[in-house]
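Chains here go by letter, A, B, C, D, E and F, matching the order in which they are written, and residues are numbered from 1 within each.
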Amino acid sequence: MNLDLLGILGANLLSPAVLFFVLGCVATLVRSDLKFPEPLYTALTIYLLTAIGFKGGAAIADAGIGRVWLPAAAALLLGTLIPLWAYPILRWAGRLRPVDAAAIAAHYGSVSAVTYIAATNFLRQSGIAFEEYCAAFLAVMESPAIVVGVLLGRILASHETGTADLRSALRQSLHDALAGRSVLLLVGAMLIGYLSGKRGMEATSAFFVAPFQGILALFLLEMGMVAARRFGDLRQAGSFLLVFATAFPVANGFIGAAIGWGIGLSVGGTTLFAVLAASASYIAAPAAMRLALPEANPTLYLTSSLAVTFPFNLTLGLPLYALMARWWHGTP
Amino acid sequence: MNTHPMTKVTIVCEAFARESVLRLVESVGAHGYTLFAVEGSGARGVRPADIQEFSNIQVEVILQPPAAEQLLHRLQSELFAKYAMVAYASEIQVLRPSKF
Amino acid sequence: MNLDLLGILGANLLSPAVLFFVLGCVATLVRSDLKFPEPLYTALTIYLLTAIGFKGGAAIADAGIGRVWLPAAAALLLGTLIPLWAYPILRWAGRLRPVDAAAIAAHYGSVSAVTYIAATNFLRQSGIAFEEYCAAFLAVMESPAIVVGVLLGRILASHETGTADLRSALRQSLHDALAGRSVLLLVGAMLIGYLSGKRGMEATSAFFVAPFQGILALFLLEMGMVAARRFGDLRQAGSFLLVFATAFPVANGFIGAAIGWGIGLSVGGTTLFAVLAASASYIAAPAAMRLALPEANPTLYLTSSLAVTFPFNLTLGLPLYALMARWWHGTP
Amino acid sequence: MNTHPMTKVTIVCEAFARESVLRLVESVGAHGYTLFAVEGSGARGVRPADIQEFSNIQVEVILQPPAAEQLLHRLQSELFAKYAMVAYASEIQVLRPSKF
Amino acid sequence: MNTHPMTKVTIVCEAFARESVLRLVESVGAHGYTLFAVEGSGARGVRPADIQEFSNIQVEVILQPPAAEQLLHRLQSELFAKYAMVAYASEIQVLRPSKF
Amino acid sequence: MNLDLLGILGANLLSPAVLFFVLGCVATLVRSDLKFPEPLYTALTIYLLTAIGFKGGAAIADAGIGRVWLPAAAALLLGTLIPLWAYPILRWAGRLRPVDAAAIAAHYGSVSAVTYIAATNFLRQSGIAFEEYCAAFLAVMESPAIVVGVLLGRILASHETGTADLRSALRQSLHDALAGRSVLLLVGAMLIGYLSGKRGMEATSAFFVAPFQGILALFLLEMGMVAARRFGDLRQAGSFLLVFATAFPVANGFIGAAIGWGIGLSVGGTTLFAVLAASASYIAAPAAMRLALPEANPTLYLTSSLAVTFPFNLTLGLPLYALMARWWHGTP
C-alpha cells in the first residue's frame, strides 16, 4: 500500500496541473514579470465553474435527483459543522482572537472549487471513476460555513454589535452566498446541464469537456503565482496555523471519506467528498469575511488557506484522500 | 473662466470595500461617481491587479465642498480601520455647478 | 403543427444557449456580482464573428459565388427597405419624434449577428440543414439600413443641418459601416475562408467549429446580463414600442421567409433569411446613431432592440421563423 | 520648486464620444492626451464597463490655461447636450512648460 | 476641514519605465503608489494599449511636498531623456498626514 | 524548382494564418476601430508559448535529451554570434550610431517566437515533418543575443558608463533573460511537457494541440494590426535598414539551414533552424533595449524587426527557408 501511495503521489506530482502550479510558484519566487491580467483570471474562473456545474447537472439528470439529495444534505450538514469544530481548536489551542478564529473556521468549513476541480482531474488521470454529480456537493458546501462563521464572529467576538446589525450582516452574507458569482455560476450551470440534458451536452462538450484539463493547468499556473505571493506571510501566520492548515484538512478528509463511504459513494466519489471536507475556501470566504467580519486579520486566514492548505491539498492531499477512500471501502 | 469651484474626492481602496464606499458616496448626496481598477502599494502591502477580489479600485467623486468634507470624515470614521484605503480631496473647476 | 411548434419551441428553450441567456438575466435581476470583464466580451465577439465569417467564406467557395450573389443582393435590398417601412409606422402610429423614428428604423433594418449565430445553433440542434453561406447575407445587411436611417434622420428631422454637414455625416457612417469592427471581421474572415478553402478549414476547425456552440452559450450568459440591465427602462419606452418590438420582427420575419423561399433557399436557409429580416441591431446601429444622430434618445432604440426584440427572437422567434419557413416551403 | 502652472482638463464620457472628444482636444492645440476606460454613474444612469460600446472613458489633457478654457467651453457648447459627459479643470505644476 | 496639504505626483510613461519609476518613487521615501494602464498620445506618438510592452502606465504618488519636489527633479534628471514620460504635481488634502 | 517555390509560396500566402495577418494590416490601414484588448493579447501569448513549450518538452522526452543537446548548443552559439556579425554591417555600412547598431544587432540575434510558431504551422500545412523538440532551440536563442547586444552597446557606445554600471546592467539583462515571461513560460512548459510525458500530453492535447492553429490565426490578426501601425515609420528608418531587414534574415536563414543540415536535422527541422536564425525579436529584445540601452532609438529597431522582417519572414521567408533546407539536403 505504501508503494501504491508513492505511485499515485508521483502521478499527481507529475501531472501537468500540479507542475503548472509549481511553475507559477517559481515565477513569483524568481520575480518574473509574468502576470495574468485580471480579465483572464476571471474568464478562466467563469469557464471552470460553468463547465464543472454543467457536467454536474447533466450527471444529476442521468442519475436521478433521488440519488443525489441524501449525499447533498450530508455535505451541507458537514459544511455547517466543520466551523463549529474548528472554532474551539483555533480559539483555545491556537489562542487566536475570537474574530480570527471564527473567520478561519469559516474558511475551512467552506470549500475550494479549484481543489475540487483538480481532484476530478486527478481521479481521471488515475483512472478512478467518480460520480460527476458530486459537483452538487461543491455547490451546497460553499455557503453554510460562511454564514456560521459570520454568526460565530459576530456573536462571540464583537461586543459593539446590536441585533439589527447582526441581522443586516446575516442578510448580506446570505445574499452574497446565494447570488455571489461562484454559487450563481455553479448552480446555474448545473440547472442548465440538468435541463438541457444529453443533447445540450453533446452540443457543447467540445467546449465544456475536451479542453477542460488543459485550461485547468493554465489556471493553476496563475494560482501558483497567487499562492506564492503569500509565502512571505508564512512567518507572520505563526507555527500553530501552519500545523493547523495541514493537519486539520487531513482530519476533515478522513471524516469526509468516512461519510462518503457511509452514504454509498464509489471510491472516486468518496475521494471527492473527502476533498470537499478537507479543502478551504480562499476566494468566497475571504470576500465574505472582509465584508462581514472586517476586524479579522486577513493575513491569518488567507495565508493558511491559500499559501498552505491549497498547495498541500493539491500536491499531497489528493493522493492521500484517495487512499483514505480506498481504505474505508476496504480496497487499499 | 466662467467656472465654479467644486471638490473631487479620490478614494483608493481594496476592491472588497466597493459596496461600502459606494453606499457612503450615495448617502452624502453625490450625484455620480467614476470608478476604475488599479494596482497599488501601501501600508498593507503590494496589491497586484490579477484577481478581482484581491485588487484595488480608485473611486472619484465630484461634489459640493461641504458634502466632500462629510464624505471624507465618514470614510475616516467608518471605513479607514476596516479596509486598505487612501482618500484625499482636491479642488477642481466645473462648468455646471448644479450638476453636482 | 401546433404540437410541432411546441416541440421545437421546447427544444429551443431548453438549449444551453437560451438557458445561459436566462441565467444571465437572473444574475442581473438578483443583483449578483457576476461580471464579464470588457476584454472577455470583446474576445468572445471577435471569436464569434470570425468563426461565422470563416465558415461562411468556406461555404461560398464550396457553393460557388454564382449561387450566392442573387440572395445576397436580395438581402441587401431588404435591409435598405425595412427602415423605409418602419419609419412611417414609428412616426405616425407611434407618434415618435422624427429623429427617434429614424434611429429605431435603422436598428430594425440592420441585423443582430448574435441572433443570426443563435439561429444557426438552433437549426443545428433541431437537425435542420442550412446553407452556411448565409453568413454573407448577415454581412451585407448590417450597414445599408444604418445609412438609410441616418439619411432619414438628417433630412426629415434636423433643420439645422446643411448639405456639407449631411455629406460629412454620411461619409462618417459609410466609413464606420465598412471599416467598423463587425463588418471588417465578418467580411475579412469570409474572404479568408473563401481563399484558404478546404485546407484552411481543416487546419482551424478544432478552433472555429468544434467549441463554437459552447462559446456561444457563454457569450449569451453575458448578453442576458446586458439585456436584463435594460429591463428597468421598459416602462420608459412605452407600450407602443413594446408591441412594435415584437410585432414588427414577426412581420419582417414572415416577409423574409417569403423572399428566402422565393430565391430558392432550403428550409434552413429560409429560416436564417427570416431571422435576419426580423432581428434588430443592438451594437452597430446604436454606435452609429450616437455619432450620426446624437439627438435621438438611446433609451428608446436600445430598450426596444436589446431588451425586447433580442430576447423575443432568441426564445420564441427562432422556432416561429422556422415554422414560417416550413409553411412557405409547404412542409409544415 | 522650479515648476510651472498648467491646467489639466479631465473629461469623463461615454465611449461613443471618444472620436468627437479627441478631435476637439486636438483642435484646441493640445500636444497630447491620456485615456483610460472607467465605470461610472451619473445623471444618465449606471455605466458598467463590460461592453466597450456602452462603457465610459476618462480623458486627461494637460494644456496652457487659455487653451484649457477654450476646450471646456467647446465641450460645453458642442458635446454636453449629445453625450453623457462630465468635464472639469484642475491646476497642476509641470517641469517643462514648453511641452504643453 | 481638518485636512492637511500633501502633494500628488502623477507620472504618465511607457510601460517599459515601470521598474525605473517605481524604484525612484521608493528611493525618495514614498510610502505607497497607485498604478494603472492607460492609452495616450504625445510627443512620441500614439500609444495604444493592446500590447502590454508597448503601452503606457499612469503612476500616482502622494507624498510630503519636499519629497514630491525631489521626485519630480530626479524624474527630470534621470528618466525624462530615456522614456516617453509626462510628470506633474498637484495639491491635495488628506486626513492622515502621517501616512505619507 | 521555381514552380515548386511558387507552389509552397502560394500555399503559405493562402493559409488562414497569413491571411489573418493581412487582415490585421488592412484593419489598421483603413483605420478600423477593431482593437484587441491588452488582456486578450496577453492571454494568446501565454497560450502560444505554453503550448509550443509543452509540445517541445514532450518531444524531447520522446527523442531523448541525447539527441537534443548538440543542436541546442549550436543554436545557442549561433544566437551569440549573429549580433557580432550584424554590428559591423550596421555600424559601417549603415552608418548607424554605435548604440543603435548594437540594439538592432541584438534583435536579429534573438528570435521571434511567433515566427517560429508560424513556421511549424506552415510545415504542418505543407506536409513537411519536423522535430517538435526544435522548440528547445527557440528557448535557448532568445536571450544570448540580447546580452551580447547590451554588452556591445554599453562597451562600444556609452562613454559615461563605469564598470559597476555595466555589471548592474548585465545582471538586470541576465535576470530578465532568464526570468522574463517568454523564456519562463517556454522553458517551464517544456520541463512540464518533459516530466508529465505521454499521459500529460493525452490529458491536455485537446487544449494545447487541437485548437492551436486557429488560435495562432487569431493572434496573427492582432500582430498584423501591430505591425501595420509601424508602417508609417518606414521612411524614418531609411532605405539602408529596409534592405538590411530583408537581406540579413535571408543570409542568416541560409547559414541556419546549413547548420541545421550539418547537425543532422530533417528537412523540417532544418527549416525551423533557418527560421530561428532569420527571425528577429520584436518583444523581448525591445523590452531589454528600453531598459539596458535606453539611448538607442526604438523607431529603428522596432520598425525593422516588426514592420519589415516579421511580415517578410511570415509571407515570403518561410517558403524560402524551406527551399533552402531542401537545397542543403539535396532534395530540391
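Definition applied: a contact is a pair of C-beta atoms (placed from the backbone, for glycine too) under 8 Å apart; a residue touches a chain by one contact, two chains touch by 3 or more.
Owing to the predicted nature of the structure, the values given are computational and were not obtained by experimental measurement.
Visitor: Taking contact as defined at the start, I'd like the list of chains shared as neighbours by chain B and chain D.
Guide: Chains touching both chain B and chain D: E.
Visitor: Looking at CA centres, what chain is most distant from chain B?
Guide: It is F whose centre lies farthest from that of chain B.
Visitor: Let me check something: if the centre of a chain is the mean of its CA atoms, which chain is farthest from chain D?
Guide: Measuring from the centre of chain D, the most distant chain centre belongs to A.
Visitor: Roughly how far is chain A from chain D, centre to centre by C-alpha average, rounded to an integer in Å?
Guide: Centre separation, chain A to chain D: 46 Å.
Visitor: What whole-Å value do you get for the distance between chain C and chain F if each is reduced to the mean of its CA atoms?
Guide: 41
Visitor: Residues touching two or more other chains, restricted to chain B: which are they?
Guide: Within chain B, the residues that touch at least two other chains are 36-37, 49, 90-91.
Visitor: Among the residues of chain A, which ones contact at least 2 other chains?
Guide: Answer for chain A, listing residues that touch two or more other chains: 35-39, 42-43, 210-211.
Visitor: By the touch definition up top, name every chain pair that qualifies.
Guide: Contact pairs between chains: A-B, A-C, A-F, B-D, B-E, C-D, C-F, D-E, E-F.
Visitor: Would you mind writing out the residues of chain B in touch with chain D in their complex?
Guide: Its residues touching chain D are 1, 3, 6, 8, 31-36, 62, 90-96, 99.
Visitor: Which of the residues in chain A end up touching chain F in this complex?
Guide: 11, 14-16, 19-20, 23, 26-27, 30-40, 43, 121, 124-125, 210-215, 217-218, 221
Visitor: Would you tell me which residues of chain D are touching chain B in their complex?
Guide: That would be residues 10, 12, 36-43, 49, 56, 58, 69, 72-73, 75-76, 80, 86-91 of chain D.
Visitor: Show which residues of chain A lie in contact with chain C when the two form their complex.
Guide: So the residues of chain A touching chain C come out as 37-39, 42-43, 46-47, 50, 54, 175-176, 178-181, 184-185, 188-189, 191-192, 195-197, 199-200, 203-208, 210-211.
Visitor: Touching residues of chain C toward chain D in the complex: what are they?
Guide: 35-38, 41-42, 222, 225-226, 229, 283, 286-287, 290-291, 294-295
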